[in-house]
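Below you'll find a set of structures to go through.
Below are two complexes that have chain A in common, paired first with chain B and then with chain C.
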Partner chain A sequence: MSALVFSTWSAVSPYGVGSEPFRTGIQAGRSAIGALDRAAFPGPFTEGALVPDFNAADHIGRKGTRTMDRVTGIAVTAVGLLLADGGPELTSRPEETGLVLGTGSGSVQSIMDFTRDSLVGERPYHVDPARFPNTVMNRAAGQSAIWHGIKGPNTTIAGGRLTGLTALSYAARLHRGGHCARVLCGAAEEYSEQRAWLEWHGRDGDDRTSPLGEGGAVFLLETAEDARAAGRRVRARLLTTRFRAFAEPSDARAALAECVRDALKQAGARAGEVRVVAPAETGGHLAGTEEAAIGDVLGSAGPRLLGSRALLGDTSAATAGLQLAAVLSLLDDEETPPGALALVTAVDRDGTAGCALLAAATNEES
Partner chain B sequence: MTTAATSAERRAQIKGIICDILEIEPSDMTGTSRFKEDHEADSMGAIEILSNLERTYGIDLDQSVLPRMVNLDAVVTVVDEAVAAK
Partner chain C sequence: MNDNDQWPRQVVITGLGLVTSIGLGAEEFLAGLRAGRSGAKPITAFDTSGFAHSYGCEVADFDPAEWIRTFQPEELGRATQFSVAAANMAVADAGIGAEELRGRRTMVSVGTTDAESRDLDLLVGEQLDKGPEHLTPGIARRAHASRLSTSIVRELGLTDVEALTIPTACAAGNYAIGSGYDAIRAGDVDVALCGGADAVCRKTFAGFYRLGTIAPEVCQPFDRDRKGILTGEGAGILMMESLESARARGARIYAEVLGYGLTCDAHHPVAPDQDSLARCMALAHRNAGITEADVDFISAHGTGTKANDVTEAGAIRQVFDTPPPTVSIKSMVGHSMGAASALGSAACALAIAEGFIPPTINHRETDPECGLDCVPNKARPAELTVVQNNALAFAGNNAVLILGRHREAA
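Let's turn to the complex of A and B:
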């Protein structure tokens, strides 16, 4: 079992900037999908779920944000919110604080824009050097740490819709190996015309036109003792994560069911103890896979399913990160019994399945 | 040929580019205020200024001119020379 708990967290989402709008949006089940501004976002989609009027400068200041791309702005803002919420103690030991951030390909918009400038400019080197850092995948994680003075291990994780879960697994291992005392862990994704076209071409089956979303969520993972000592409330304990690969879409159901069984077994928990499951709701040929696998393990009368795709759109690399935030939002509910279990699942068309098992804080912990 | 009018226009344009990159108000910059000492420019900012001027004026600026580009007056001179040499 992991030694880590989720304490402070933050979100930048189509509900707005901060964990509070996210929590109320999720608890109300309100859809944040709306018509896209077609002038700003041409491309294959007419609808989407964007962070409303998002401009990083409004949240972290004008200086230094001029050449920051959207996903970096979302990540730096989310990390800033978390640090502000966590209190000054959190930044007092910057060398012992790690940052693990999940992303897609970084910003495909930045990568494509920069490459195009080089191809169509008068000279191949007539590009804007200040925008070059945006073209590397670890820009968001690196900039978040530099901006906020976090000096521990800095890692970028990419794993499709599982990204938030693989980042969580990596963060737990980083801590277990003694590489940091606590770790900020999350995922971020931006909306862009370029990403929209990539999704449009990459999706399969009847999934092509389902709207995209964007956003990011970051969690502080630390020991319950540290959280208590710093006066930060424990929201949930991370029990374990599990992952499997599958070769054919038809094997995805069994792969995910195995992940869930293994996770329960390792935590010494029974299926009936799982109160809520947040699936990624991956579509196309994998549509319904997660629900079927959950039913296989937890039974048909199983737990409450907390899908957020209908509310936030397909948030790609941020999917599992926002699912975790949704689960924490729900566990915050006063009706949640202490110690209740929550499961976050995801499958990806690249052939990966995974889950994370969490337990609501017990009375002693919170 | 550079007339007095186009020269003044170019100077104003160059000042706009530099102020934008250094994130300062144009009123804070004089012809001789120094980018590094007075406006907190770093080496990345210097490269950005050079690169932006190349793209804006279709000129090539060798990196060896960078040490000369310490203030607005010096940059205008460097650009004028490069435009004349085109």
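Let's turn to the complex of A and C:
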């Protein structure tokens, strides 16, 4: 079982910049999907869920933001918000603080723009050297560290729709392995024309037109003792994560059910204690899989299902990160009993399933 | 999990899968390292017209159908083909049956710089030719970083498995091996298939070329006349397991993973930082429970650029009173990006098992500013106990891995 708790967190989402707009949006169940600005974002979609009027310079200053791409701006902003909220103690030991950030394939827009410049320019090397780092997939994590002076382990994780869960598992292990005293963990994804085309061409037929979203969420994972000593409120405890794989889509339901059973068993918890479940709502040929698996393990009269795809669109690699943020938003609700369990699930078309089990802070912890 | 295990568990390397420009498979790679073979040749991955020079270290003669069973080759991008092929080789080399492996709880962790950026290059070409409405769906589907690890899972039919891709650029191989080490050590998994993979692509070549860091024909790490990197490609996947698991099935043990360290410079997007790299080495030594005096040789990041080699040598001298022999296999296999430190780790494991230090080839005169014994041009026989594998990446991400000879207690 993990020794880590979730304390401070932040989100940059289609609800706006900050955890507060996110919390209110999720609690109200308000959809942030709207018409796309087709001049700024041409491509196959007419609707999407974008961070409204997002411009990194508005949040982190103008200097150095000119060559920063959108996903890097989202990540640097989200990490900055978290650090501001966590207080000065949080940045006092930069060598002992890790940063684990989930991504799809970095910014496919930055990568493809760079190749395009090489192909259409007068010379194939007429590319902008200042934008070359944007084409490397650890840019968002690395730039967040540079911007905010975080000198501990800095890792970028890709796991498709499971990315936020995979990053969480990796971050917990990094801490347990003694590589950092605490770790910022999250995931980010940008809306871009190129991502839109890749999704459009790569998805199953019936899932093709489902609108895309973007955003990022970052969580501070630390020991309860450290959180208390620094005066940061504990929101939840990370109990465990579990992963499995399936060869055929028809096996996805059983694979996820097995993950959930294992997670409960490992945490010594009963199915009835789970109050909230946030599924990734993976579509296409896997649509409905998670809900079925959750029903198999937790029963039909089980927990509240907290879906956010209808509100935030398909946020790809940020999906599970934003699901975690949604769960924390709900656990903050005064009606949630202390110690109540919450589950985040995801399945991916590449044949992976996973879950994370959290417990709301007990009265002693918070 | 075995109740007889010692905690934390010891982690050993029992299988190596290698797709490299100097040979396919552990045996060929080993022969290449011993002989000081060069993988440099003209790049064929993309149209190189307009570049004044365009040598690289591509994997020639790789027929994916020969190495991959479950997938049709066109279902996978080139980097994923490499990673899946290398995983198959590692499993075969470890002598573990497919059924037996499926019964173990496993981690699959693959590092990368560019993942399937080569496919993204292809898609840009399609967009320019036909418009964005007409992309090949199969290429759009396979062009995801996560595929590098999930395709290994699929190929091997694993179900009790945690799969992750670690796109932490050119240090990613060491990151991935470290993640498997921590997972086995703590008892989360029994087996881990870890390493890195990348494929040569226009995007990365053009970027390094523009930065002026591509050498015309040869890569000469630590040489006074070094002119930069040669971009390369390939994959290295290490089969790692707990010592108890290896013993129980009578597996050959190449080496033990003793520990690793990670640091972030938090300083500059592309320029390395000497102090931060030195800190990373010290952390790795502490994590592995060794001191600097124990290290018998260093497999350097050693890219062959002016900046890297001087900074890395400086960091080594900062940490080591007497630096041990320090070599760069990039002189032979080029800079295979996310695969680089996985190939370096595999070279270290082979060096320990076979008793030699691989050479730094293309070497004429050591740069006095580097001032290291880089084992020039010819492999050197050596009894090795502890070795160190360095990796640096864009964004100031450093990862240092420590491997050791495994000795059975008498």
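Keep in mind that, in the parts below, the second predicted complex is superposed on the first by the 365 of 366 C-alpha atoms of A that agree within 3 Å, B and C clash if a C-alpha of one lies under 4 Å from a C-alpha of the other, contacts with A are read in each partner's own complex, and residues count from 1 in each chain.
Note that in this section contacts are C-beta pairs under 8 Å (C-beta built on N, C-alpha and C of every residue); 3 or more make two chains touch, one makes a residue touch a chain.
A quick note: this is a predicted structure, and the numbers were derived from the prediction, not measured.
Colleague: Clash or fit: chain B and chain C on chain A?
Modeller: Taken together on chain A, chain C would fit alongside chain B, as the superposition shows.
Colleague: Does chain B (first) or chain C (second) touch A:G231, or do both, or does neither?
Modeller: So A:G231 meets neither chain B nor chain C here.
Colleague: With both complexes overlaid on chain A, does A:P129 touch chain B (first), chain C (second), both or neither?
Modeller: both
Colleague: What is the contact status of A:G299 with respect to chain B (first) and chain C (second): first, second, both, or neither?
Modeller: Once the two structures are laid over each other on A, A:G299 reaches no partner at all.
Colleague: Using the touch definition from the top, say if A:K63 reaches chain B (first), chain C (second), both or neither.
Modeller: first
Colleague: Between chain B and chain C, point out the one touching more chain A residues.
Modeller: After superposing on chain A, more of chain A is contacted by C.
Colleague: Looking at A:F243 after the superposition, I want to know if it touches chain B, chain C, both of them or none. Which is it: first, second, both, neither?
Modeller: The second partner, chain C, only.
Colleague: Does the superposition put A:G87 against chain B (first), chain C (second), both, or neither?
Modeller: A:G87: touches no partner chain.
Colleague: Contacts for A:G160 in the overlay, against chain B (first) and chain C (second): which applies, first, second, both or neither?
Modeller: Second partner only, chain C.
Colleague: Determine, under the contact definition given at the top, whether A:T352 touches first (chain B), second (chain C), both, or neither.
Modeller: Touch status of A:T352: second partner only.
Colleague: So after superposition, what is the minimum Cα distance from chain B to chain C, given in Å?
Modeller: Value for chain B versus chain C, nearest C-alpha atoms: 7 Å.
Colleague: Could you pull out which residues of chain A sit against chain B in one structure and against chain C in the other?
Modeller: Dual-contact residues (chain A): 123, 125-127, 129.
Colleague: Under the stated contact criterion, what part of chain A meets chain C in this complex?
Modeller: 43-44, 94-95, 98-99, 103-106, 108, 111-112, 114-116, 118-120, 123-127, 129, 132-133, 135-139, 141-143, 145-146, 148-160, 163, 166, 169-170, 173-174, 176-179, 193, 197-198, 200-202, 243-247, 255, 348, 350-352, 354
Colleague: Which part of chain B faces chain A closely enough to touch in the complex?
Modeller: 20-21, 23, 44, 47-48, 51-52, 54-55, 58, 60
Colleague: Which of the residues in chain C end up touching chain A in this complex?
Modeller: 48-51, 112-117, 120-121, 123-125, 127-128, 132-133, 135-137, 140-141, 143-147, 149-151, 153-154, 157-169, 175, 179, 182-183, 185-186, 188, 202-204, 206-207, 209-211, 261-270, 276, 279, 283, 287, 393-397
Colleague: Considering the complex alone, what residue numbers of chain A touch chain B?
Modeller: Residues in contact with chain B: 62-64, 66, 121-123, 125-130.
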